[in-house]
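First subunit A sits with subunit B, and in the next complex the same chain sits with subunit C.
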Partner chain A sequence: MEHIDFSLVDWSRAQFALTAMYHWLFVPLTLGLSFIVAIMESLYVKTGNEEWKRITKFWMTLFGINFAIGVATGIILEFEFGTNWSNYSWFVGDIFGAPLAIEGIMAFFLESTFIAVMFFGWNKVSKKFHLLSSWLVAIGSNLSALWILVANGWMQFPAGMQFNPDTARNEMIDFWSVLFSPVAINKFLHTVTSGYVLSAIFVIGVSAWYLLKKKEINLAKRSMVVAATFGLISSIYLISTGDGSAKAVAKYQPMKLAAMEGLYYGSDHAPLIAVGALKNCEDTLQVHRQSFIFEVPIYGALSYLAFGNFDEFVPGIHDLVHGNPEHGIISYQEKIEKGKIAIDALAEYKTLKKIGDTQNAAIALKTFEDNFQYFGYGYYFGRDPHELIPPVRMSFYAFHIMVGLGTYFVLFFILILFFTLKKQVVDKKWLLRLAVWTIPLAYVASEAGWIVAEVGRQPWVIQDLLPSIAAVSQIDSSSVMITFFLFLAIFTTLLIAEIRIMLSQIKKGPESSPSKQ
Partner chain B sequence: MKTLVNIFQFYKEGFQSMTIGKKLWLIIGIKLIVMFAILKLFFFRNFLSEHFNTSEQKSEYVIDQLTKVK
Partner chain C sequence: MFENLSLLALQHYWWIIISILGALLVFLLFVQGGQTMIYQLGKTEDERKMLINSTGRKWDLTFTTLVTFGGAFFASFPLFYSTSFGGAYWVWMAILFAFILQAVSYEFRTKTGNFLGQKTYEGFLFINGLLGTVLLGAAVATFFTGSQFSVDKMNLLNLTGDKMPIISAWETPFHGLEAIWDSNQLAFITNLSLGLAVFFLARLTANLYFINNIDNETLHKRNKTCLLRNSIAFLLFFLLFLGRILTIDGFAVNPDTKEVFIESFKYFNNLIDMPFVLVMFLVGVVLVLYGIGVALFKNSKKGIWASGIGIVFTVMALFFLAGFNNTAYYPSVFDLQSSLTIENSSSSHFTLTAMSYVSLLVPFVLGYIAYAWWSMDKKKITIEEVEQDHHMY
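Take a look at the complex of A and B:
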């Protein structure tokens, strides 16, 4: 920490971002398609119609391709924790242990066991047991995501733990506070629901391609009804969970909210920017009152989004950095000083304990505990507090892309459902082409959501407690650079493999139809 | 014993009847080998475990790192 190697911090961050974003290309389709397949199979079991079985098996194959290519890509993130982020790994160790262990057990027992029945069990186990297996795979996949997202939620809002100054580790004192923290719950629901929306769009897009090619008409139309219904319900729920996430961000990560909205100066009746283009305010690290080249504000909407009240004050970046006594906001400089006191007190505590001065060690420990909530700010002592502002433009545009596309998806599902139920979808070529092109947009929205969540909370690895500059290992940045490009090559190969196998399977289509259209 | 044989047969027949699944298992196999036998072994050693043997030593080191703010 004496000499911060920013190239090491930046490469480590870039590598983690690259791995996480590639990993997330595979995960959401697994989360949602597993449920869509289970719903289709339920229709087969309920109606006894063999066409539903054929449809189920087709989508199950695409699910299998995505699952196989994506499986274990997340483990690389854990490798990176131990190698590139050793201070962080040690600091959080005990908190992540339980959720990740449960995730491993659930993933192993539910997914690994029942996925075999799902793929190998046709005609070998009863219909009902097969259906149960499909549902358990879907539930298992989503429960796996729960534990990972609980761990991520803890990083956004550390709760249910106590820092042990003797071991430098956080220890879990309340498992339920970690599991049911408002940030974790909203994060889980919002994230998995975004996977459902993406999967519904995937099914609709592939079905639309069949309709454009005049192939598999029955499969395509039936799949569209299921996917559009599932997608519409999911997208409406997604808005609701997004609202919950925004309120949690407003409460626990106000700087992230300000960055998401490009809100440099806080106000009552704060506006939500429907559309806007930000000026480049970051290069100079100055805070400007006029931050937009143009904007379409909806006055009061941000106050409502954040606090459920159109008139509530929403702090801006300036208020958070420089403080706003009227609203009880202390400045970053004050937090930095308190953080530095906490860091110094921890060092002093260790020294005093070593020499056996228990009385003064207890005083140092008390000082440390009193200031621990600002611990991470201490690493910015003697530095410009503006360094604690996340990249505003990236957060702003990622948020607006996510929200804009999310709104479009609701309308998209309504249109698809309307024309499919009216039996006119086959004639709406423009809608079918739009459906095919909406598939990449779903991935853009999904990745944008993670950019908001992770870039918006910079520089924190653990909110307020550990910034990235303190979390990295003291390793050579060139080794991180090499593995960055190694991962880029591996993941790009996997992605190309997935796309090629998936496209080939889609072109090949399902097993021959019992009744040709 | 019969149950175990049935389970073995279930998997054996399942793997034998695979079409695209064989290609996918090959990809999974190559991926796991690359991840664990190459990346983990040569590029992603656990930094603290590589440098320190005991939890106490790791704690000492991390506290030292976390409190070196100038």
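Take a look at the complex of A and C:
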């Protein structure tokens, strides 16, 4: 594989990671805040209380600032599938393109049409139409998440498709299997609820700041009740969907699970590491038995998390790379060889078909089909199978940060809701300060979740079928490097602008209440 | 219903959907056109405020149409997505950068603490208006003039050769920029002329839109003056483009062997061979001119509707010329047989069928967009209306 430009692959990956990470800074708030705003407006329409309208408008302003930059970073992602991953676009475009188009037709238009009514329609349409628009914006935002996450889920667990040797691509044969694949559904539910949790924390944190500054007390307290209730329900559901996601990962992406847990050697009663620090053992690409500097294991918990059974065997990185016949696991080297057979057989099939040798073409096709499930491994022929191990430390720490913070958020929402309902939250300065500082933690948890999902599945663009080295576009790596730094500069600048505008709007606060006017 | 259609019928159906989306996008580029005239039309802060709030309430619609156009192209003709986006890298990246800048500029422009200052965001809007239109136009012009790429699906299986295992390869180091600057080929004049025609079309449509949407006599007069200039410039570049494509050799496909070959006056022949496209094209052009005419000479505020419908018809006709009647819609001048046709670049029968059911939502989507905007635009924009609004740009 000397002809692979690894620099190009790395820069293309870096660019996609950069744009995805920036996009994901803004999307969760859009997903959740849209619902919180709609709930607040519903309270306004139901009660007729102008204070709820004022509260709604305030959060809507922050929503608008965040929404714009989310849109800006989102357009790049869609087109980068083509610009930087052109092979991928053909290899799976027949399946992957559909959710993207449906996202546009079903979700984006809903969002973009009614967001204008939501922002500019207060004095132009009826109260009920305005409320309906706010709900449609929330639904549209979440629908767009559904379709893109269905697409992402499909990359992690390709379902409902069949490879067509004549067109050299995968083709969809069952739309519903793509839409309702267990990975896609769990991914959608887990991801959007994480957005709800982040948004609830954002609203609580900003409200806590007002309470600390003794400003906008009424707005802050009311917002806290809505957000804490929304956040608590969401965070409990988040844990449940997280459990579903873990089981899906265990079943379909065992290497990712092993990396998430730093599990180098598999075992029965596999331990979940509650807290731990990994040794730096990736540089040598060796698989180490002693991987932790220290760890606090909970024996059997990983087996339970993965398979719902404390005794179940969970394969480790070593088992997956070198094979474990006792548990029916074949080694990566065998998979690489089978993948190579698949690739060669497909090439042979095409050649034989071209010259009209249908009999031998059929034999070649049969060989290809028998080995197709390892197709992507063939691209690693002649290379070290350890290259198929994802970055373990990054996956491990990201996973543990996400889980640790997720657990903390449940307790946090309980505390906030408890003291708010007891009407004592104003006096709990420590809790209010904690609430403000929890905002960045929510973003850390959210980004960590994305890292787990995307880094943990490396090097696969399509699990087992297409590695990143075979998915890229043929561009000079220097060109991608230039666009990477352009994106970095522009997104960072816009992020700074967004944060400054947000802070300034928060300091400025909502419009004066009608009684003060 | 759709599953009973042949693959070819579905491919034609999806080319029509792509053409509709492309045509709607070109019409909605009036937002970009308006952004390039903020200071030309608005001499006071209040006037600029009205102009920006007028286009600002529609920017997301244009943006969404662009994204949906891309998504639909990906879903229905993935080989185009893979070849063009992965190859003409710099052109698409420039377009995307221009749209990133736009997305935040409306929202951030007048907000306290916006870091870069109001003028910078207005500069971003201008860049988006200029680059977004010219480059999109030039990119679409390559549907007629061709690009330098090769496609080899077998290369995916290349594990040991001297080339990366890449299906679609761009064969010039400029990655798309050659479409607008390679003076060795006359094609760049055709590409640029369509780019500039789209730019001036976006501006003249913006004039018509402002006349309709803003209730201000001073702006109305300035828009009329500007409309005349933009219309003349548009006609010059559009006629240059039209003259070129109707006289150049085109990229035809043998329907039996699927071989791509050069045919003299191919696009002119397409017009003659497809009378409905000829009629659509002529009706479109007449409607565009009628919209301009009534705005200029009858003082009508409703020219946008005639011109808007005319733009949609005209652009659809151009897409039909590029893709129908056995024509390669994305020709390769590097390797003729690598050229993309609606037959060799499409998704499978199953995917096109599934997507066709989704496309039935399009009239419903257009319906609620029309209703929402009818509700919103009943009251025209005035400075009082803008300043009273909670969410002023």
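Keep in mind that, in the parts below, the second predicted complex is superposed on the first by the 509 of 517 C-alpha atoms of A that agree within 3 Å, B and C clash if a C-alpha of one lies under 4 Å from a C-alpha of the other, contacts with A are read in each partner's own complex, and residues count from 1 in each chain.
As a working rule, a residue touches a chain if its C-beta (ideal position, glycine included) is under 8 Å from a C-beta of that chain, and two chains touch if they have at least 3 such contacts.
None of the values given here were measured: they were computed from a predicted structure.
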When subunit B and subunit C are modelled together on subunit A, clash or fit: clash
First, second, both or neither for A:Thr483, with subunit B first and subunit C second: both
Which superposed partner A:Lys350 touches (first subunit B, second subunit C, both, neither): both
Contacts of A:Phe114 with subunit B and subunit C, given as first, second, both or neither: second
Which superposed partner A:Gln505 touches (first subunit B, second subunit C, both, neither): both
Subunit B versus subunit C as contact partner of A:Pro440, first or second or both or neither: neither
If touched residues of subunit A are counted for subunit B and for subunit C, the larger one: C
Clashing subunit C stretch [against subunit B; choices 21-29, 147-155 or 201-209]: 147-155
Touching both subunit B and subunit C, residues of subunit A: 1, 61, 64-65, 68-69, 71-72, 75-76, 79, 82-84, 86-87, 89-91, 116, 119-121, 124, 167-169, 340, 343-344, 346-347, 350, 378-379, 381, 470, 473-475, 479, 483, 486, 490, 494, 497, 501, 505
Residue ranges of subunit B touching subunit A (in the complex, touch as defined): 10-11, 13-15, 17, 20-21, 23-25, 27-28, 31-32, 34-35, 39-40, 43-49, 55, 58-59, 62-63, 65-70
Contacting residues of subunit A [partner subunit C, same complex]: 1, 3-5, 8, 57, 60-61, 64-65, 67-69, 71-76, 78-79, 81-91, 93-98, 100-106, 108-117, 119-125, 129, 133, 164, 167-169, 171-173, 175, 340, 343-344, 346-347, 350, 378-379, 381, 470, 472-476, 479, 483, 486, 490, 493-494, 496-498, 500-501, 503-505, 508, 511
Subunit B-facing residues of subunit A, complex: 1-2, 61, 64-65, 68-69, 71-72, 75-76, 79-80, 82-84, 86-87, 89-91, 116, 119-121, 124, 165-169, 340, 343-344, 346-347, 350, 378-379, 381-382, 470, 473-475, 479, 482-483, 486, 490, 494, 497, 501, 505
Subunit A-touching residues of subunit C, taken from the complex the two chains share: 57-58, 60-61, 63-64, 66-68, 70-72, 74-76, 78-79, 81-87, 89-90, 92-93, 96-97, 99-104, 106-108, 111-116, 153-154, 156-170, 173, 175, 347-348, 350-351, 354-355, 358-359, 361-362, 365, 368-369, 372-373, 375-376, 378-379, 388-391
